[in-house]
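Given below, in the form of structure tokens, are the structures.
Shared between the two complexes below is chain A, which pairs with chain B and chain C, respectively.
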Partner chain A sequence: MGLKRYFAEKICMYLASMFTAITLNFVIIRLIPGNPAEVLKELLRQQAISVGVVEFVEEYIREFGLDKDIATQFIYYLVQLLHGNLGVSMTRFPVTVQELIARHLPWSIGLLGVSCIISFALGTLLGAFLGWSRNSRIAQGLYYLALYLSLTPYYLLALILVYLFVFLIPLFPFSGGYSISVSGGLNYILDILWHSTLPALSVVLSSAGGWALSMRAFMVNVLGEDFLRLAKAKGLKPARIFRLYALRNAILPQTTGLALSIGNIVAGSLLVEVIFAYPGMGWLLFQAISCLDYTMIQGIFLITVTAVLTSIFIIELLYPLIDPRIRYS
Partner chain B sequence: MSNPILEVKDLRVYYKSIWGDYRVVDGVDLTVNKGEILGLAGESGCGKSTLVEGILRLVEPPGFIAGGKVIFKGIDLLSLSEEELRKIRWRQIAYIPQGSMNSLNPVIKVKDQMIDVMIDHGILDKEEAEKRALELLEAVGLPSETADMYPHQLSGGMRQRVIIAMAMSLNPELVVADEPTTALDIVMQKTVLLTIAKLRDDYGSSVILVSHDMAAHAEIADRIAIMYAGKIIEVGDVHDIFKEPAHPYTRMLIDSIPRLEKKILRGIPGLAPSPLRWPSGCRFHSRCPLAKKRCRYEEPSLKSLGAGHLVACHLWG
Partner chain C sequence: MRSHTFPLALLIVISIGISGFSVTPIHLIKAQEVYPREETLYVDIDEGRVLTPDLWNPFLWGCYRSQGLRQWVKEELFYLNWENGTIIPWLAEGYEISPDYKKITIYVRKGVKWSDGVPFTAKDIEFTFKMLKEHASVWLLWSMDVNATIADVRAINNYTVVFYLRKPDPHAFYRFFVARIGEAIPIVPKHIWEGKDPLKFKNYPPVFTGPYRLVKASETEFVYERRDDWWATEVFGVKPAPKYIIAVWYGPEEKRIMAMARHKRDAICDISVSGYLTLRGLNPYVVAWYKEAPYAYVPAGCARYLKLNRNKYPWNITEVRWALSLAIDRDEIIRIAYEGSTTKVPTLFETVKSLMPYLVTIEDLLKEYNTTEYNPEKAKEILEKLGFKKGSDGIWVTPKGTRLEATLITLSPFIEFQRIAMVLAAQLQRFGIDVSIKNLDWGPAVSAIVTGKYDMAVWFICGCVVDPYITLDTIRAGWPHPEFNETVSKLKALRPEDPEFKKLFRDAMAIWLKHLPDIPLVNSRKLIAFDTYYWTNWPTTDNPYIQPFCWLQNFLFVLLRIKPARQTLTILAEPAEGGSTTPEPGVYKYTTGESITITATPAEEFEFDYWELDGVRISEERTITITMEKSHTLVAHFRPLPKYTLTIVVYPSEGGTTSPPAGIHKIVAGKSITVTVSAAPGYRFKHWVLDGEVVSKETSYTITMDKDHVLEAHLEAVAPIAMYMWIGVAVVVVIIAIGILVYYRRRRKTY
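Moving on, here comes the complex of A and B:
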């Protein structure tokens, strides 16, 4: 009874947020100076094509409905969405947005999914240690390391890694997601891992620092709680106090952060993917924005918003399981 | 008769600050005898809770133990390693904290928080411990369903009694209860006090009962120690002290207990002094109606008035 209402309320809220995001996104990209037709004209001129350009561009504008006013375009877009249709890419037509996303999404999920989980696990454990033994020398030293890492932009880290391990010591490939010459079986998988090492490392290093800092703060808060003092007075073994009293409570707010970053995985990591020419969603978005590919940008944002909202929803469903104080109500 | 289980000798607990050390507990001598309930009274800020933290070695930075001894059954607790102390904690010295409201882990069931302490001290296996937990809950008058609840599902009084049940779990020889009745309604206060008295009666534990509430001490304490400005200023049998308080501060403290027949409530004028700079001489002299010149520069030490009654006041020679 209460549960049904809980779900209904949540779903309504998510639909509302999604509609807002879609609308804003639709409007904002159209505020960028220029439009896809001009980009197309420029492209044709660069390729020294002069015959039939005017007719072609006119056809293009009609085909994508760019001659209609923005409200009509928006309604058309919504109707298409309701049919589960994200449209045709404006620069890579006749390929659809769905196809392009399906092609690039696995790369981002593979790269960022793995590095997100690794950095969360590493950072959270490090932060728990930093908070637990916050008065020790080692913890204070590591605290500054974490602070430094979290403040270093991940693309800067990526550039440093490229300099160190591509140019100085050529251990890893400079760019791409795989070698064209390798195909099939184990070699192919190893090749993919080899290509993803540096981009993954730059994401892991920078976000682990942030996870460590937030976990440390939650940990220090919990350590000041009355129940921790009682746990100590009870003479419990330090390992139990650490795990069940401190860590168990400090990790609750940390999981909310995890939900958000899991959702962001599908958006790809734009700068890292651009630096390494990694064929993920960030790379796709970068190309779409530089060509003002409206339908493509809209598609990527829609997927991202859906993923973020879905992961928040899942975490909210799981929350009562990890925190007994929270109920479905 | 006197058979001390705990002797506190010249204990000092200070807090570091940029203005200097706050000398919150500043040389306390105190003895707790086997099987007695020792009341520790005094107004807010006199150092009662910090004294308890010092005895239990729970002082956290910026606080630190600046000196003294806490001798429990012949061993100085302050000289033990963390692991040695851990084994004594709860098994021999249990603690009922002031902030009982938040003293239970919010994400663990009541039952499991009672069991973990029995297991970590290697007393019982899980099954026995669970049985014992249920018995203990019954002993403090809580229904057995409490065991499977989480702390937030319990009222303040129930939580307090869960902790008392926990304190009984290993038959400790000493129980330190820090303001166990604060923040409870008057009916629950009485229940909790009687439960603590039962600890002593049924299990033979000694109890240190910290409370600013003189009525609570009158109810269950055997002896009472009055603390003022980081020191003990009077100790003695609870009847003697209520009948004939020797220290002017103790007298005023007793006079401030609300009574039905009294129309006007009398407080103690003036403010508690700051631990950063205690007053010279007798620390109470600025608020004492009987202060003499000598009180201003000479600090009185505890003197015996006979029958275990000690007082630190120049009025008594």
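Moving on, here comes the complex of A and C:
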């Protein structure tokens, strides 16, 4: 299989996956039990408004095209998507979905993106070490630590961190993405870093264990391969064998895992955002699902699916570079 | 052997890098605090993280309110104090409702100003209502109701606005103009909103009439600064004590508790009893509405009840509903789900004080229809009479032969509701109803209820706190009972003051109690924790001036009543060299209400004059006591004592010196001073002359300064002959002595 064919196949797969995802995104949302108009009607009642409720439901349904058949709604949805229009939030009217996503996405990418890369790097290295020296005492101790971290519920770990480093030793702030009293410049950047440290640490600690365990498993598999025995028999230095023979082969499946975790970055982490009162996409998605804000849910899912598919697509395009076997096959 | 040095070293380097990077900026950032804690009030954001911090248009759905908009940025025409049922005229000073309930006149208070300094007038009210009518749609809150109710609105002059209603509506005044549980219709400034599309205008930064202006906003934090030009300061002479308010969302209850334990927030909007008790253990300064259980503010306006799907068998049978009510142990719900922090509610009306005049009229009905009774035996009898039988598995079997099963819906965002549902499900299971809980999010839960895909739901009704009409209206919307509907319709046409109103209310409730369409459970409760470390005088049962809800509009009155926990006493001495005080002049912090005794001690040559407190002369006693109800500046005024002139003269001037030296001296009146003279060589002291009279021949003389004096030291020169004579005598004595010495030496040689 030539490289051209490989790339063509991947591009076709990417486009097909995108269309399927977009379609499923549209359909699945509408399968959620409930009717957004009824939710808003109840909210209206809470405001002690009893007059005009029927008209309200009718107008709401009309405004968002909920009275049209599903095919018409789908075509309308696709046309809007092609125009880059994700629509107006049903519950945050008149704020557009794009505006809300644009406000929240950078926080999620900033926090979860960086912490995901750090945790991936740390976890992978730790896993490589655990696999490489699996009989040493240090490796065994670290293995149990990684196991413990990967099994600790995230909210518990996060609350312990808050208790230790916010309450007992007040090193970090209680909440938020930045101090409102700090204005631009270097201090602002430092302030953002200060606020993100603990949430990032919690994410790194809770996910690095998982990365380490999976990497250890891949590493152990690779260590049993013949080419590694040959390398040792050739008298290569252990560091060279580790870097070029073991690590490079074991890291391939890890990178696929990294591509898949991009989805989590874009969709945000609700628990991180709730416990650390940190801005991001998780809370936005949670609010949207709670109030059946179709347009918002669609918007967020679309961004997430696009991010995951695109990152997988990029990783697959990069595979020939990482893995020469694909290049030469 | 495999080398593990390389990966391990890389791991350590990365870890150190990350931790170093994390800790470095801490000290830099900590220096950024610009809001002095003792002048800043920290309040919870009740609604969670604010997704649209720059949206301040109160007519839009997406606009958040409990981040400060409702409490201290926007103000109401009238407020309702549930504690005593009184209406507090605020932006308006009065109203009139025509006898036919078709005309409402609002009298605007003079002197009210918007935060940009423009006067608030009847024209603004007229504009707001006309704008709502003009843009009436579901997207603009209140607009549909306004358009359906109000035919026209006219500002007669700057301070009078008249509303003409389409048809008689005795409840329109409360609905549109009085802030009760929810807010009334917000009034917006015409000069800002005119020409704007109310569906798109964000109103950021917001211009309203409240005592604070928004300084900064983020999704989790809002900073407000007190407006010293607030209209009410001029009109009523009131001013909230906190200079800044910071509304923060901290996340889950555990974090909010940790923050208050560290005095980092002053008000937490609603926590659990166990959370509150933990907090009180960590921070003894924390208070709530009640000192002891139930701690929480009960009732808080929104009754919790079991909503039944009356379109479904067997819940459509009144007797079954009554049996269900009798099978529910409300005390157990209160004990387990609420940890004892609420009370039973006999109807869907919470027992708030302002509703009591109506609720007392149905007391006898409640004895007949005891909706809070727990009597499973009686419930069993009812079901058996209806032909229900217990199955072998302990679950009732209906006369139709089906197992008595029920899906109980509860709202997943509210832990309180889930707790009720769990206790309730266990009780009903015990009684013989196979209950399965469906924990749904807000949207799906509402939808399941509306579409009838449920059996029962733990639900709530935020009804009325002024008169019972709105709750009755809400009940009839979900319970189309002809007789009940007719009674409520009649009630709608009456004002609460009408004697017929109470009678109709009683009639409506008699119908409701007889059929029991829904099953009342408990009063809602809100456990609001206040920290008295920085701010005191929070509303509690000992001091119940208003409801303690920090997320509602009435919190404005809490802001006007709270005081700094510690007051500053600045003590000054004037002039500084005039004396001192005990405690010494300086700046001190005292607990609010503490009595302080201060004593003034004049310096030498000064006497105490008077005390000046905040610019007012208050006492001439050297010791005073002041009570620190607010910060004070206390000045101890001293004055110099009166002095007389003492002129000391030496005669002759070269004859000697005095101490104090010759010259003019100012001596404090009444003081005694001793003057001593030393004669120069060749002189001797003769006597003292005081004011022309010889008074002493001693070298020291003590004089009391009872007036101006002239003291002269008189000395005289000693004669020179006397000196020579003595020299001669000395020479003779020496010669004689030498002669005697010479005589004896010669005589010794001779022998």
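The rule is simple: the second predicted complex is superposed on the first by the 306 of 329 C-alpha atoms of A that agree within 3 Å, B and C clash if a C-alpha of one lies under 4 Å from a C-alpha of the other, contacts with A are read in each partner's own complex, and residues count from 1 in each chain.
Basically, a residue touches a chain if its C-beta (ideal position, glycine included) is under 8 Å from a C-beta of that chain, and two chains touch if they have at least 3 such contacts.
A quick note: this is a predicted structure, and the numbers were derived from the prediction, not measured.
Engineer: Tell me the contact category for A:Leu159 with respect to chain B and chain C: first, second, both or neither.
Structural biologist: After superposing on A, A:Leu159 lies in contact with chain C but is clear of chain B.
Engineer: Scan A:Tyr77 for contacts with chain B and chain C and give back first, second, both or neither.
Structural biologist: So A:Tyr77 meets neither chain B nor chain C here.
Engineer: Quick check for you: in the superposed arrangement, does A:Phe218 touch first (chain B), second (chain C), both or neither?
Structural biologist: In the superposition, A:Phe218 contacts neither chain B nor chain C.
Engineer: When the two structures are laid over each other on chain A, which of chain B and chain C touches more residues of chain A?
Structural biologist: On the superposition, C touches more of the residues of chain A.
Engineer: For A:Arg325, decide between first (touching chain B), second (touching chain C), both and neither.
Structural biologist: In the superposed model, A:Arg325 contacts chain B only, not chain C.
Engineer: Can you pull the chain A residues that chain B and chain C both touch?
Structural biologist: 238
Engineer: So in the complex, the part of chain C that touches chain A is made up of which residues?
Structural biologist: Touching chain A: residues 2-8, 10-11, 14-15, 18, 21-26, 28-29, 32-35, 48-49, 51-52, 55, 60-62, 137-139, 141-142, 144-145, 147-149, 175, 181-182, 199-200, 216-223, 246, 248-252, 254-255, 258-259, 261-262, 264, 413, 441-444, 446-448, 450-451, 453, 462, 470, 473-474, 477 of chain C.
Engineer: For chain B, which residues are in contact with chain A within the complex?
Structural biologist: 56, 58, 60-61, 85-91, 94-95, 97, 99-108, 116-117, 120-121, 150, 152, 163, 166
Engineer: Spell out the part of chain A that touches chain B in their complex, as residue ranges.
Structural biologist: Listed in rising order, the residues of chain A that touch chain B are 135, 225-227, 229-238, 240, 244-245, 248-249, 252, 322-325.
Engineer: Going by the contact rule set out above, which residues of chain A touch chain C in the complex?
Structural biologist: The touching residues are 32-36, 38-52, 55-56, 59-60, 89, 91-95, 100, 103-104, 118, 121-122, 125-126, 128-129, 132-133, 136, 138-139, 159, 162-163, 166-167, 170-172, 174-182, 187, 190-191, 193-194, 197, 200-201, 204, 238-239, 242-243, 273-279, 283-284, 287, 289-292.
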